[in-house]
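Before any comments, here is the structure.
Per-chain numbering from 1; labels A, B and C assigned in written order.
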Amino acid sequence: MKLTKYSVIAASAAIVFGACGGGGSASLNKNIQIAVELPFQGSEKAASDPILNGIRLAVKQAGGKVGDFTVTVPNSAVFDDALNGVHDAQTGANNMTKIVGDPNYVAVVGPLNSSVAKAEIPVSNAAGLLQCSPANTNPDLTAGAAAAALRTKPNNYIRVVTTDAVQGPAGAAYIIKELGKKSVYIIDDTETFGKGVADSFEAEFKARGGTVVKRDAAPKTTQDYVSIMTAAKALNPESIYFGGVTATGGARILLAAAQVGLGDIPFVGPDGINDGSGETKDSFLNLAAAAAKNAYSTLAGPGTFEGKDKFDADYKAEYGIDSTGYAGQGFACTQVVLDALKRAIATNPKTDAELREAVRVAGTDSTYTYSLNVGSVTFDKNGDTSQLIVSIYSVDPAGANGKGDWKYETQIDAAVK
Amino acid sequence: MTAIASPAAHPNPLARGLRMTAIAVAAVIAYLVVLWMALSLFGGRTIDAAFPEALQQTVNALSIGAIYALIALGYTMVYGIIELINFAHGDIFMLGAFLSVVFIGGITGNNEAVTNIPLLIILILGALILTMPIIGLLNAGIERAVYRPLRKAPRLAPLITAVGVSFILQNVALTIAGSGDRRAPQIFPLDWQISVGGAEISILSIFIFVLAMVLMLGLQAFVTRTRLGRAMRATAQDQEAAALMGVDANQTISLTFLIGGMLAAAAGLVWGLRFGYVRFDLGFNSGLKAFTAAVLGGIGNITGAVIGGFIIGFIENFAAALGYARWQEFLIFVILTLVLIFRPTGILGQHSGDRA
Amino acid sequence: MTATMEVRSAGSPSPRARLRAYAHGHRSATIVVSMVLITAAMIVLAQVPPLSLIQRQNAWFDAFANAGTFVLLAMGLNVVVGLAGLLDLGYAAFFAIGSYTYAYSNSPFSQTDLPFLPMLVVGAAVAAVFGIALGAPTLRLRGDYLAIMTLGFGEIVPIVFLNLDKWTEGTNGIGGIFRPEPLPVLGEFSALSPFPYYILMVGIVTVAMILLYRMQDSRIGRAWNAIREDELAAAANGINTVTTKLLAFAIGATTAGFAGVFNASKLTIVSPEQFLFAVSFSVLAMVILGGMGNIWGVAAGALLVYLIQVVLLKQLNGMVEGLGIPFLTEINFLDYQYLLFGVALVLMMLFRPEGLFPSQRRRRELHIADELAGPIDEPAVIGSLGAAPGADELGDTSGQDLRGHDR
């Protein structure tokens, strides 16, 4: 151990050397970028691609400019938080470290998954970088002690979708009021989103006087759904609620339900099963096919809004495909960022750091009303949207060339309950 | 040394068969009664309502158990003959399921049930005749390419190779078919049911059970009554002695992989018919459960694997029936652990020397 | 081992050989010096092209710190798989246990805030206890049963954390975990400065490496070797095989526990989905690619594989996209990483079972089979290798049936 003394010196030298690096520039760069942080592997790629398209469409429609600043979303600004084919919190946090360390980025749009957001918010918050999620619906990200634990500085995180705490209850209200069913069998996929939305559904369903015949859960690795649905059948539910997404078993459960004779009662699920028409590969309607005739889905955003037709047409014109999933929400997030940037520039920031902070302050301003493609929106001090609209879709078996498609039914606005 | 069980050694095969059948029927009835009681005591059902439900669940358990048993046979045979846990066997099953989807989907072009009975039989038989040899040959080919060169290597080497092969097969399926569920055409009409004791029993589950039984009895007959089967048993017992007696060990081992692959392919076909979907990672959990079944029955033992498969089916079904589906895997692994600790030779296994 | 090395260096007194001999004699000091040099080199490398072009310095430190987690995991698994020859397919379970232990001791969920360094030890100890609890009844089993048992354990642990949501926050995971309190020299740990994490990780890896090398060179290490090579012979030579294997298992679990505590304190969230089979498999691939049995080798293998996964493949995507060749831009290289892992594992086993950075002993051991076998159709000549090149210690497999000894 003779060398220990030297190694200590060497180590301290290394530390000093390392600490010298980095440091932001004191100038103001007018070529700025919006970072995008989404999973782009496996099945989640299908959800992230439309969001990225929506983001780029919004930048393009703004002419790529805000004042005398150019705004771009180059491929180098698009970060992938998937590892081994599925979203990964560690990778997300690592990406966020990269993003906050680069003064070119004034804001970040993403992520897709709430569990990734939990690892990212501490980083983006400490750096004071505006973060807008087009798809996180977990309530713990914004409100309550759990959310506070993620933050060390003033809030920097907003989202344009409502939380599961709104989407689940909307499903419950629809089943009881519109479909007239008084009892339900609930099954979730044991994952963050699925369980959360099923929890809030269950609470609301009970609060409205409905009967929950059974609350079940089956992880996505379950093999034999027929046995589970046989047990459900014996409880004679008037409807079925599934908390989860197609990839974690939505269609499998419906197929098994149809097989045991539960095919004629309403099957209601969250936006996770509203993933395209029967023509879309891997989608709920494609897999469930004829069994989906009594399926309904909720979507945590307005199904019809003033700018919807325009957005859809623009999207189609730009990319040659229909907009799906949260494309409109990706667009909306980017509108928020660009709007905040405009107001930030008006405060005459002198450095990159000042601009970033000004964008954060403007973006999270709870008194400001945004005019987005989805309508007029404000964000509360936690970053939650004022737009508590959940839209309901049913299945039109004749849609999409007879393969079945989702058909907008109605929307429920929890704000005017 | 484990060995593929040799029921031919029994003085009276017919009596043994009858005894086994009686035990099996008694076990199924016992499960039915236990489930019936459990449902009415803990499930909140009335005793009258619980019976048809329990009956239906028992049939469900036999269906899924039959699928596990078919897969487990591949594990047990391979282990019996070269003492390798063929980690990739579950993925062979998955590829079998995919191949039958491609075949049936390619011919029917849609997902609709085929009510024309002769046509249905032709389709299913055709799918079996096509997929079983292809998947069997694939399995044997894998053995030839990567396991055989390692037969004399330290034991860890082929095992790690098998893990690698498993990931290759999964990711090949992932690359070709994508990561989501794929629709499997349910050509067997699901509304064909018969009413028994107030329960609606689907003909499909009976078909799955019968098909699995036919294949397993066929295997049993092959192993006990043919020259090649005898060579297989001999190789399992003592490879070198068998070689001295003129048995071609390589050929026999290839044959074992071939048969294991064929049975897995059949399991894959009925999987698609029953559950209506296939996915690239289907083989991982199915494989684990089937392997557990093989260990439970006594690895290396053909009858044991079948029994183990059904036991796993029953355990899984029991959890689902009482609303604890999310604990299924937990239960199965706890049982695996307990079996390995207290009776590592399994229910029917012979004593194995290497327990150090 | 030592003897062999010295004989060789005596034969060729070049400076390199002398350095090697010195390094062998002063292993701990060598490790410390090497780690310091590597750490400093990585700090420098992160600030100059080409690395500085790929991502900023802080992002590199962050990546290095995360890679360190996998280096630790790989070194730990190496004890189990590489040294003792037991296949553990559920190693992520111990990583999970370490992570959750820290989460319970330092989060708003448990409302406790215990100091980091002691918890590092506690987390490792808890993981070790679970390792022993799992190992004690199962290590009597034959090796391939053990593989399945550990696989089962690896599946069960996330399921339990997932399903007992009252105590574990279930699928949401425990979030808002407190970071380590400021440490002397390193300063404050924050989300924005990965540098202290990096240095801390280097420290943990260094300590772990010293301890593991000492263990490997000690009586215990030789016992592991003996068991791996021939368990019966080892037992016949008076080694208590169960205790020795159990120790390997416990050491492996301990190392994973360290990694878990560090991981939780850095990521600030633990949830069951972080500990699935993919993690166990990745770490196993790292060990095998790096070279089973060689501590430096697996550490290098882990660093390499992690950086390839997280940095290089993504970079490759960007570069290929930049080329603008229509067919190639469609390829997402990340989608193929498991396929590559699988292929690499199989090819390694077939052609280079000793890994990329093999240990001398392991290489000799693994190639005995080649020398022995010839065409496999003919039974190998048995017992002719009593003086195999590696037979300088007890229990070197003297060319007995290498597949096992259970007949």
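Rule of thumb we're sticking to: contacts are C-beta pairs under 8 Å (C-beta built on N, C-alpha and C of every residue); 3 or more make two chains touch, one makes a residue touch a chain.
Remember, predicted model here, so these are calculated numbers, not experimental data.
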Which pair, A-B or B-C, has more C-beta contacts? B-C
Determine, using the mean of C-alpha atoms as each chain's centre, which chain is farthest from chain A. B
Could you tell me the distance, in whole angstrom, between the mean C-alpha positions of chain B and chain C? 35
What is the distance in Å between the mean C-alpha positions of chain A and chain B? 40
Any chance you could list the residues of chain C touching two or more other chains? 159, 162-163, 335, 338
Sequence positions of chain B contacting 2 or more other chains: 174, 284, 326, 329
Chain A residues counted as touching two or more neighbouring chains: 42, 85, 190, 219
In their complex, what parts of chain B are in touch with chain C? 1, 83-85, 146, 148-161, 163-168, 170-172, 174-175, 238, 240, 243, 249-250, 284, 288, 291-292, 295, 326-327, 329-330, 333-334, 336-337, 340-341, 344, 352-356
Within the complex, chain C is touched by chain A residues 1-4, 6-7, 10-15, 17-19, 21-22, 40-42, 45, 75-76, 80, 82-86, 88-91, 93-94, 97-98, 100-102, 115, 118-119, 122-123, 125-127, 138, 140, 145-146, 148-150, 152, 190-192, 195-196, 219
Residue ranges of chain B touching chain A (in the complex, touch as defined): 39, 43, 45, 49-50, 53, 56-57, 60-61, 63-64, 111-112, 174, 178-183, 186, 190, 200, 202, 274-277, 284-286, 289, 316-317, 320-323, 325-326, 328-329
Of all residues in chain C, those that touch chain B in their complex: 81, 85, 87, 89, 137-138, 140-145, 147-149, 151-153, 155-156, 159-160, 162-163, 231-232, 235, 241, 277, 281, 284, 288, 335-336, 338-339, 341-346, 349-350, 353, 365-366, 369, 372-373, 376-377, 379-380, 402-407
Spell out the residues on chain C that touch chain A in their complex, using ranges where they run on. 26, 28-29, 32-33, 36-37, 39-40, 43-44, 46-47, 55-59, 61-63, 66, 107-108, 159, 162-163, 165, 170-173, 175-176, 185-186, 190-192, 194-195, 199, 263, 267-269, 271, 273-274, 278, 282, 309-310, 314, 318, 321-322, 332, 334-335, 337-338
